[in-house]
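Both of the next two complexes hold subunit A, though its partner changes from subunit B to subunit C.
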Partner chain A sequence: MHNSFIARNPSVLWFLAALGLFTFGVTLLSEATGIGLISTSFVKTLGKTLCLCLIAIAMDVVWGYCGILSLGHFAFFGIGGYAIGMWLMYARTETIVLSSLAGQTIPATPQEISDAIGNQIFGVVGSSEFPLIWAFSDSLVLQLAMVVLIPGLLALVFGWLAFRSRVTGVYLSILTQAMTLALSLYLFQNDSGLRGNNGLSGLQNIPGFEATPQATISIIFFLASAFALGAGYVFFAWVISGKMGSVVQGIRDNEARVRFLGYQVEGYKLFIFTITAIVSGIAGALYYPQAGIINPGEIAPIASIYLAVWVAIGGRGRLYGAVIGAAFVSLLSSWFTGGGAPDINLGFYTIQWTDWWLVLLGLSFVIVTLYFPKGIGGLFDYLVRKPS
Partner chain B sequence: MIATLLEVSGVTVTFDGFRAINNLSIQFPPTGLRAIIGPNGAGKTTFMDIVTGKTKPDEGRVVWGEENISLLGLSESDIAMRGIGRKFQKPTVFEAQTVRQNLAMALKNPRGPFAVLTHRKTAENAAKIDAIAAEIGLTDSLTRIAGELSHGQKQWLEIGMLLAQDPRLLLVDEPAAGMTVEEREKTTDILRRAAKTRSVVVVEHDMEFVRRLDCKVTVLHEGAVLAEGSLDHVASNQTVIDVYLGRGHA
Partner chain C sequence: MGGATIRAATLPKYPEFPMRLLLSALFFMLSALASSAQDLQSLLQENAAQIAKPSRTSIGIVLDQMVATGLPQVPAFLEEWSDKNVWQDEATGLFYIATEGDDVLTLTDIDTGAQTTAPVDGFQQLKPNGGVRRVIGTALVQFQLIDPDTTRRTAALESIARRPEASQLAPLIASLDGEADPVLRTRKANLITILSARFAEDPADRIAAIEKLAQETSVETRAVLNQILATKPGVATELPEANIAVQHDPMTDPDGFYAALVAADLAQPLTTPAAIRAAMEAHIVDGRVGDVPVAQLHTDAARARAYAALAAAGTVPPLLGEPERNNALRSHVFYDAYIEDDPAITAAARRALDQVENAVALAQTVDLGLDALSLASIYFLAAIGLAITFGVMGVINMAHGEFIMMGAYTGYVIQLFIPDYTIAILVALPVAFAITFAAGVTMERLVIRHLYHRPLETLLATFGISIALQQLAKNIFGTQARPLTSPAWLDGAWIISDVIQISYIRIAIFFMALFFLALILYILKRTRLGLEVRAVTQNPGMAASMGINPDRINMLTFGLGSGIAGIAGVAIGLYAKVTSEMGADYIVQSFMTVVVGGVGNVWGTLAGASLIGGLQKGIEWFNPSNTLAAQTYMILFIILFIQFRPKGIVALKGRAAAD
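Right after this comes the complex of A and B.
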């Protein structure tokens, strides 16, 4: 069965080979495990890019295959990041507090330790109490479960309400965007329990690995991200192959027809919406320890819109298209906005890419949508001509 | 064998004050062909919408099968699973997918997401798909993308998808629209064969095609049954001539 799945989806094998080669190359060139040609910070950038590719394939499944233009998947990504960030911050602060209290002649009581940790984490928003949502933050296992459970449950409840009412198209997109905006605004508040606009920081320091250099940590996260992307790719390729793929694409192309065939369209949408939300959460949990910091701005609706732009530019309805779009556009974006691109002096006006990149991106999006609806991924159709 | 598979009685639907269906009562036996004709706005499509669960009537009953289940309040997918298949006026097949995929999706099998996710191809299903493809004359086109098919072939594919669902009642909306004479003959044959084991209801505009079907005819007018019987019988009815048939000759 597995053989036939690969045989029917040769692009999966090609993708895994390309990903493996890329991962191997980066490992050989990194500071920790190779000759040091790639700096640690660039390894982190590449690792983060792989996480963005992972959420992009999730977006492609929900939008490109199922036709739900969700503008909320970056919210699930952020929730995954917050969930892992809570443990990272708690565990690290606990280590620091314990070591600073270790010198005292009278051992500190558990209450004093807890207060000290709370003070360290929440002092910045004028509090020292642990909010209820931090109840499991001392347990890595439970917080890892949260990475999956919270985006999954949120998607399940939100999707159930939205799909049951048969909200579709633009209205659904607006609804998902409203959800994202509400979440982001809530997190900006100081009493949200997640440090308001400060967000969670110091996430690059992994508790228990204080002695391990960042170069090593970065390559480990890079490899983990590559593995997650590969696994996610195979998983989604499997989901959208075969009959499930038929039904899901049928829903995209003609929802009513699928319903009259006897399929409960809402159940299928909910399934796709929820599994893609979970994968987005996992991608976020891998992303933010590499970014080092997460704040509510990351969840703002614009992030989810970028996600849709990546997938559109890369090519909707093919998983590798989403990967190409996310990698290409996000790396290009950091090159342009990071001052990597040289300014263009027109004599009367100087184009500074830090300001003009968004204009360029918007323009490319319009051009791709109008003239190249298949995106960059569509170029592969010219390479691989189907025998007719 | 029950006498009535589907019974619609006293159904009324109003859209913004307009009575699309007005105290409509109509019955269908478990097998056989029936044609529903009527001028535009007679309520033919609304009637189908009610039976398939797309539109909820204001009044009336729609009763189905041996157990006399009311179809009102059931979802479209639920009604489809109980054995009512519908073909739309415009051929609506999944154009991005192959003929085989279209038929496989319609094939009577568990419809839940997890059953579908873990679905494996079986020889039994493949044989059923081959048989249906042969019936609708698309055996050579199984691997083609449905979007590439001709208009007539799309119509047949959709009828094939209906057959794959193995419904007890087939509602077919203008199957002959845009077809050539030969294609119409073939469509008539397919529908006649299907009607041997199930109830087939054809909503049609085209009198020539209805004549070819050679079956009981129900004339709808202003949301109610105007006349019923053989085509010659209804065609001789003066009211029918006035409201419908007369127009063609006027």
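Right after this comes the complex of A and C.
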């Protein structure tokens, strides 16, 4: 079984080899574990990019393989980030509060400690009481469970409602977009219990590792992200190969026919939708400790549309295409918008890429959709085309 | 005619007022005669000390005497005095109205008006303080009320409305009969009612006035009734003999009422956790508090034990906790008492206020309905173009919002060249249509045509165009909001009452939406183009075999939808700011409108826009402070709504419904 899986998917081995090589190289060049050629902040950027690649393969599975253009997967990504961020913020604030209370003559009661932590975290939105959703924030294990459970449950309920009433195609896209819009609008409120538009911050400080330098933490998260991407890749490659993969791709190509063949189309779609949401949540939980801050703007509808853009440019319907698209576009985007790209002087007008990058991206997106529907990944077809 | 009714309605209820006024005038005239003051100066001299150094409390009597003389020069003198233009000769003690200039005073005799000049030295300027000036102002009001100049009478009425006082009631009533201006007459009658409700001496008059107030819904009326119903909170061991508004159950908010008890010096503050903690810290003896080791004081129970031990030893006051608080609360009554003593009046005012509030609630509902209607027409304008492209052609145009933005910027640019706003708007509407029509046709030819069988990819390609256009607008026009100014005749609002009002812009947008609804219905149902559009929508192959060119029809339909987006842009830009992101604000709402309404049907779009507009206003009404929450709940509602009517409110039936 394992042999046949690998044999049918040679790209998995190629991908794992490339990822391993890349990870090894970055580790050797990093500041903490190597010769210091790659700065800590760039290691973080690379680690975040790996997380984006992970959600991109999830998006590719749900869109490229199952035909559901979800414009809401970044909502699950954000929920994962919020879930882990709650523990990071609580635990770190607890450490700070305990050390500041330790100097007092009378030992503090649990109520006093809780009040002080609440004041620290929610003072910024004019509150000091812990909302109900923070009930488990003192437990890493429970919050890790939330990373998986909340995106999973939300996707399950939303997907069940949508698929049950046969909402398909563009309707479903707009509905998922409405979902992420509703979530981000809700989180923007100060009384949402998640600090409104301040979001959660200071997530790069890992409780219990205060003495560890950021350089080491960054490389650990980089390795964890690489591992998650590798594991996610193998998992999804396994899901979409075999019989279930065929049914799922059949649904993409002609949903009615698959239904007439006697398959429970809704069940398959719901499974794919939920499982990709869970992986998105995990990707978010790895991303935001590296980013250091999460706020509701991160899950605005535009983020999910960009996700679709990455997958389309990279090439739908092939997992490595999604990885290439996410890595290529997001790194290129930060290069252009970060002022890394040189300005072009046309004599009468100077093109500053910070201003013109989005125009270029938008137009290239139109061109890719029109003329290269297979995306960058399609180039590999020319490389491995068997001589006929 | 209006004046006659008002007199008939008001005057019989105050028969004693003119009489009283007459009597008091007579009295003052007598006293004035008694003091044999034939001119103002001699009256002033009699009270020279009071005039030169007036005090707010005692100046009233002197003012009354002055008014009672009935001398014509009194109001002028009072005004000059209030404006600090009265000077006193230090040698003779005589008062003059004077203007100061280069060490010389131009003096005007108070009675004769004769002008002389004198050096400033030897004269003292009178500077009445603010309180005195207010009293003078009140005395002046009765002159201003009968001033021949209408603007001054209006100003006097405004000043009364701002700061109503009991003393103004009599002059107001006296001036009503002589009032010739019908508007001012109505206003005076209105103010008489308001003042009588608060200050009339006979309770029956007050109640009658209060009942009259119940007929009105103005903010002023509600303020007056609320003032009569003003309460102040009180606490006592037994319910006092007073006009009690309400008695509270202290257990509904124990800490709040206990705080009132403490503030009234009827109880000691509770021992707070912070106080317990402070007591612990202050009484550590050999590492112990009471006999509890310090290290164990990390629970509330241990702290309570230690505190009890300290209290038993007498080192700290005894613990005041929840049981003590509840005992104290139970042995007192908490109430709100009306400041007005007469229960009959407060009861009448309460009845009147309830009646007014019912009327206001009704008016607010109407106002809400108008708001919802105007929001719905904006959504309709934004969505109707989308309904044509998405509904009729099945093409998702994510750049639709950017067409709205293009229309708005077109209006802005045209206003830069045409200074007359009315002409600019009239020019902008067709130009915006032409520009976005052209943009839509270009986009259809270059991009959408190739993607007719891949709707999801249309979504992504048009999204690419959308971000490119948005950034392009940002590069050209900058990030700051640009104004699209409406013509002056569209400024302001149609005010039906204090509660119901709607701005002219919104009325204009409403009629614009109606116009485009009619226009599109006409084009689709009554023209050759509409016939061909419907034919291509239902069956492109059959339509083509009948000699219709589907390519051309698709192009025109897309152009039409985009052109209407441009016009919507001008309309939206008139009341919202024009920014490069304005399209993105409307795109999700527009899609919701089309999807909720039902695809492929103009009436469906209308229904969707009405539902979403009405719903959003309705939710905002329940929670007015939180528009974010309103939007969240609305989107959740739409997600649920789609569950029950996946094809929208107006769903196509039969073959046309097939994908």
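The rule is simple: the second predicted complex is superposed on the first by the 385 of 388 C-alpha atoms of A that agree within 3 Å, B and C clash if a C-alpha of one lies under 4 Å from a C-alpha of the other, contacts with A are read in each partner's own complex, and residues count from 1 in each chain.
By our rule, a residue touches a chain if its C-beta (ideal position, glycine included) is under 8 Å from a C-beta of that chain, and two chains touch if they have at least 3 such contacts.
Note that the coordinates shown come from a computational prediction; the quantities given were computed from them, not determined experimentally.
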Joint occupancy of subunit A by subunit B and subunit C, clash or fit: fit
Which of subunit B and subunit C A:Thr105 touches, first, second, both or neither: second
Apex subunit A: angle to the C-alpha centres of subunit B and subunit C, given in degrees as a multiple of 10: 100
First (subunit B), second (subunit C), both or neither touched by A:Ala145: neither
First (subunit B), second (subunit C), both or neither touched by A:Asp253: first
Partner, of subunit C and subunit B, that touches more residues belonging to subunit A: C
Partner chain(s) touched by A:Ala17 [first = subunit B, second = subunit C, both, neither]: neither
A:Leu175 touches, of subunit B and subunit C: first, second, both or neither? second
Contacts of A:Met244 with subunit B and subunit C, given as first, second, both or neither: first
Shortest CA-CA distance in Å separating subunit B from subunit C in the superposed model: 5
Shared subunit A surface residues [contacts with subunit B and with subunit C]: none
Residues of subunit B defined as touching subunit A within the complex: 52, 54, 75-77, 80-81, 85-86, 88, 92-97, 101, 104-106, 111-113, 116-117, 119-120, 161, 165
Interfacial residue positions of subunit A with respect to subunit B in the complex: 1, 239, 242-244, 246-247, 249-250, 253-254, 256-265, 267-268, 271
Touching residues on subunit C, where the partner in the complex is subunit A: 273, 277, 280-281, 284, 289, 294-295, 297-300, 303, 390, 396, 447, 450-451, 455-457, 459-461, 463-472, 474-475, 584, 588, 591-592, 595, 626, 628-629, 631-632, 635-636, 638-640, 642-644, 646, 659
Subunit A to subunit C touching residues, read off their complex: 69, 104-112, 158, 161-162, 164-167, 169-171, 173-175, 177-179, 181-182, 185-186, 188-189, 301-302, 305, 308-309, 312, 355-359, 361-366, 369-370, 373
